[in-house]
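When the chains are written out, they are named A, B, C, D, E and F in that same order, and each has its own residue count from 1.
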Amino acid sequence: MRRAIFPGSFDPITNGHLDIIGRARRLFDEVTIAVLVNIDKNPLFDLEERIELIKASTAHIAGIRVDTFDGLLVNYADRQKIYCIIRGIRAISDYEYELQMALMNRRLAPHIETVFLMAAEPYSYLSSRLVKEVCKLGGSTAGLVPEVVEKKLLEKFKFSQKG
Amino acid sequence: MRRAIFPGSFDPITNGHLDIIGRARRLFDEVTIAVLVNIDKNPLFDLEERIELIKASTAHIAGIRVDTFDGLLVNYADRQKIYCIIRGIRAISDYEYELQMALMNRRLAPHIETVFLMAAEPYSYLSSRLVKEVCKLGGSTAGLVPEVVEKKLLEKFKFSQKG
Amino acid sequence: MRRAIFPGSFDPITNGHLDIIGRARRLFDEVTIAVLVNIDKNPLFDLEERIELIKASTAHIAGIRVDTFDGLLVNYADRQKIYCIIRGIRAISDYEYELQMALMNRRLAPHIETVFLMAAEPYSYLSSRLVKEVCKLGGSTAGLVPEVVEKKLLEKFKFSQKG
Amino acid sequence: MRRAIFPGSFDPITNGHLDIIGRARRLFDEVTIAVLVNIDKNPLFDLEERIELIKASTAHIAGIRVDTFDGLLVNYADRQKIYCIIRGIRAISDYEYELQMALMNRRLAPHIETVFLMAAEPYSYLSSRLVKEVCKLGGSTAGLVPEVVEKKLLEKFKFSQKG
Amino acid sequence: MRRAIFPGSFDPITNGHLDIIGRARRLFDEVTIAVLVNIDKNPLFDLEERIELIKASTAHIAGIRVDTFDGLLVNYADRQKIYCIIRGIRAISDYEYELQMALMNRRLAPHIETVFLMAAEPYSYLSSRLVKEVCKLGGSTAGLVPEVVEKKLLEKFKFSQKG
Amino acid sequence: MRRAIFPGSFDPITNGHLDIIGRARRLFDEVTIAVLVNIDKNPLFDLEERIELIKASTAHIAGIRVDTFDGLLVNYADRQKIYCIIRGIRAISDYEYELQMALMNRRLAPHIETVFLMAAEPYSYLSSRLVKEVCKLGGSTAGLVPEVVEKKLLEKFKFSQKG
């Protein structure tokens, strides 16, 4: 069985992520969405919320696992015995960062391969950060994130406005 | 009457901004300089100072309005009934960020157009951030910012040195 | 009256060009599509065909002129007394070339401004060259070029296959 | 069985290509090296020579097929019923071209996926064109191409020097 | 005597830095490694530690001085009467930032020249920041930094894990 | 004595080249301008003309030699016992090509160092090709090339217009 890991912060999952997950499933029998337990940063959604949103957004796709990891991604991959990492690249902006991480990961674990899939054009400029910024400023995120995420984003920023 | 918005933080206004404003005025009858009320960041100049410096630096140019906005830029543009946003692009460094913002703005408000003007070569590497950094470290900002800004920058960093 | 020039080879006109022309018309009262008389290169469509295809594709848009030019673009602009040049930029690939041309044009004629509009995402990778390549190899160009161009492309490559 | 196509001109095959082929075989059960029958260009090695060099260089790897194609790559892929295309990307220089081709291919055949693998650092600047240039000027290509290719390159340029 | 300055934060010195220092010494009789006294940032190694690690890592190379500076780099260069600044550029990621700094430095002090040397490929993705990140997450930094630095990194992160 | 080679086609020499040559002379006691004998391409100026224009344009600078080379640059450098190659980089457009050549040259001759100097901003978009194009179309090249080159360019294109 061909397996792959799709790692990220997913704070929150966007339609860009879902697009890559769908593509990845055409290539791999099982895709593990691995959510980074990032204790340093200050996420909008806590780990449980992020996992819940991923699960709700991918429930209709077979062959998806959702898991968490901390520490080095390649160590997690080794523990899982999954030797392929999937990364989405967008036409705009993250190419060099992605290359840098892939080269470092290759050095740390040469037996693990990084595979790049290209984001579809409508998502070529989309990021979790930008989605949060737009929502915070009162813009609509319809079509940018799954509906369940859109609803949760509105809740978050309503609460934060009260505070 | 052709109208356009030139948005930004202007912390502080530089000669690069003034160059773009001058070019924009050749294309539009009225240019509204819209200063972002950025409550999160920690600006060097407060909103009143930034507006004052912009007004002093553009007093000699007809057809300039100075205003402030918070929230989404495209919502501000709609309220103003101004359907054109002007952005300067520099040879160095901000192309991808500008494209990302322009694509998101188009999605949020397809009836508003973003127009890019190219910064003149002497300003191709200039930014408000770099100007502040140079001044803070004791370098001259003559020729990089209007004289009134240069004077204010020196005051700021003298005070901050006292503190 | 605000006027602008949209220069190019248009060999042939694509939906990416039409998208930019539509955007430009929201900013300018009249847009002159200026077809480069390029005697050196070996175009697929001769000058008359290119003009005819542009006219057929823009007939439904008011305020469009179609003209030809040779020599320096800025000299043509001066003769036309049109002091604004419009260029489309795509997320992918032509940013640096566009900047180089704009800087040279500014040096040759500082009173003429170059304005950049951003191609819509579905056209972010589109070029006349790529369209011709796809058609030549038997791929469909539906949705990439106006229907009248699609038809002409098929004719061209059928003839060229006979030859 | 997971299958993929690795298309190219391979004029001639380099160690950079071999690196990608090796990586691809860890992900796919069978990799078809598809040599473009490029009648327009003027290759150094004719189609038979290019195929022979690929076969000699990959004889030690199981699960490799060598084939040729002309016309659209996605049409060839459809005829072969192989729905995955592999492309190597190098840190330097070909990112934008690769994205453009992948986006066009996706439009022409949305059911075919393009997968990008990253060239190893020692090959990050390597191309068939550069190898030919170096050899032509009398430089050593040892380590850049398989030995069998190195030998053939020397023969080619010795003959061409006689002519 | 040809002299040059190699400025940086060196938090900590990496094998990429050492590679550039070695190259620089083939071009200049003396290279001054100038460590930025960066009071704002929160470095992993304090100034004394950074200097100590640089000295230990370069003890075997003749013609190396280690010094510190604060304020503008070009003012420091002037005080030292050294009119050449060396910067390493990597294939990935820092080209635009380096150009921006070099252009600003040229404006501030036109008599001081910035010389760029290219990092060797194995270090093309290496940075002090990335090294710290890898070590913090439990990855090996062997081959990325001098042994003395590797040892110190392990100590730092062991202490920080206790805390 | 510190020596360096500044290689190129110089068809013709521009003010951008002269700017780099001047900078290089502040770093090196002698700079050899090495003109590529490019038999394949179709230059505007033949080798003798190119050398003559370089000599006329650099006559006022001490420590300049003008020479020609064919074959591999690094082999020429070895024969000359000059182990440093100077390349100018412009903010716009040639970074990746320059890196590719420098990496290949390092592989072919690790004892030869490539040093990059940054073109001054007014020349950041300038190239011999662009200068020829502008002149051919009737534009002024004053300030872009030395006066002696400007005169020769006008002669060339007048003759070519007669033909």
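Operating definition for what follows: a residue touches a chain if its C-beta (ideal position, glycine included) is under 8 Å from a C-beta of that chain, and two chains touch if they have at least 3 such contacts.
All figures in this text were calculated on a predicted structure; none of them were measured in a lab.
The pair C-D is the one among A-D, C-D or B-C whose contacts match those of B-E for more than half of the residue pairs.
Taking A-D and D-E together, the chain pair joined by more C-beta contacts is A-D.
Centroid to centroid, with C-alpha atoms defining each point, chain A and chain F lie 48 Å apart. In whole angstrom, the spacing between the mean C-alpha positions of chain A and chain E is 34.
Multi-chain contact residues of chain E (touching two or more other chains): 91-92, 99, 103, 121, 124-125.
Looking at which chains touch one another, you get A-B, A-C, A-D, A-E, B-C, B-E, B-F, C-D, C-F, D-E, D-F, E-F. Across the interface of their complex, chain B is touched by residues 91-92, 121-122, 124-125 of chain F. Only residues 71-72, 74-75, 96-97, 99-100, 103-104, 107-108 of chain C touch chain F when the two sit together in their complex. Of all the residues in chain D, the ones that touch chain A in their complex are 2, 23, 26-27, 83-84, 89, 91, 95, 99, 102-103, 106, 113-118, 120-121. Residues of chain B that touch chain E in their complex: 92-93, 124-125, 130, 134, 137-140, 143-144.
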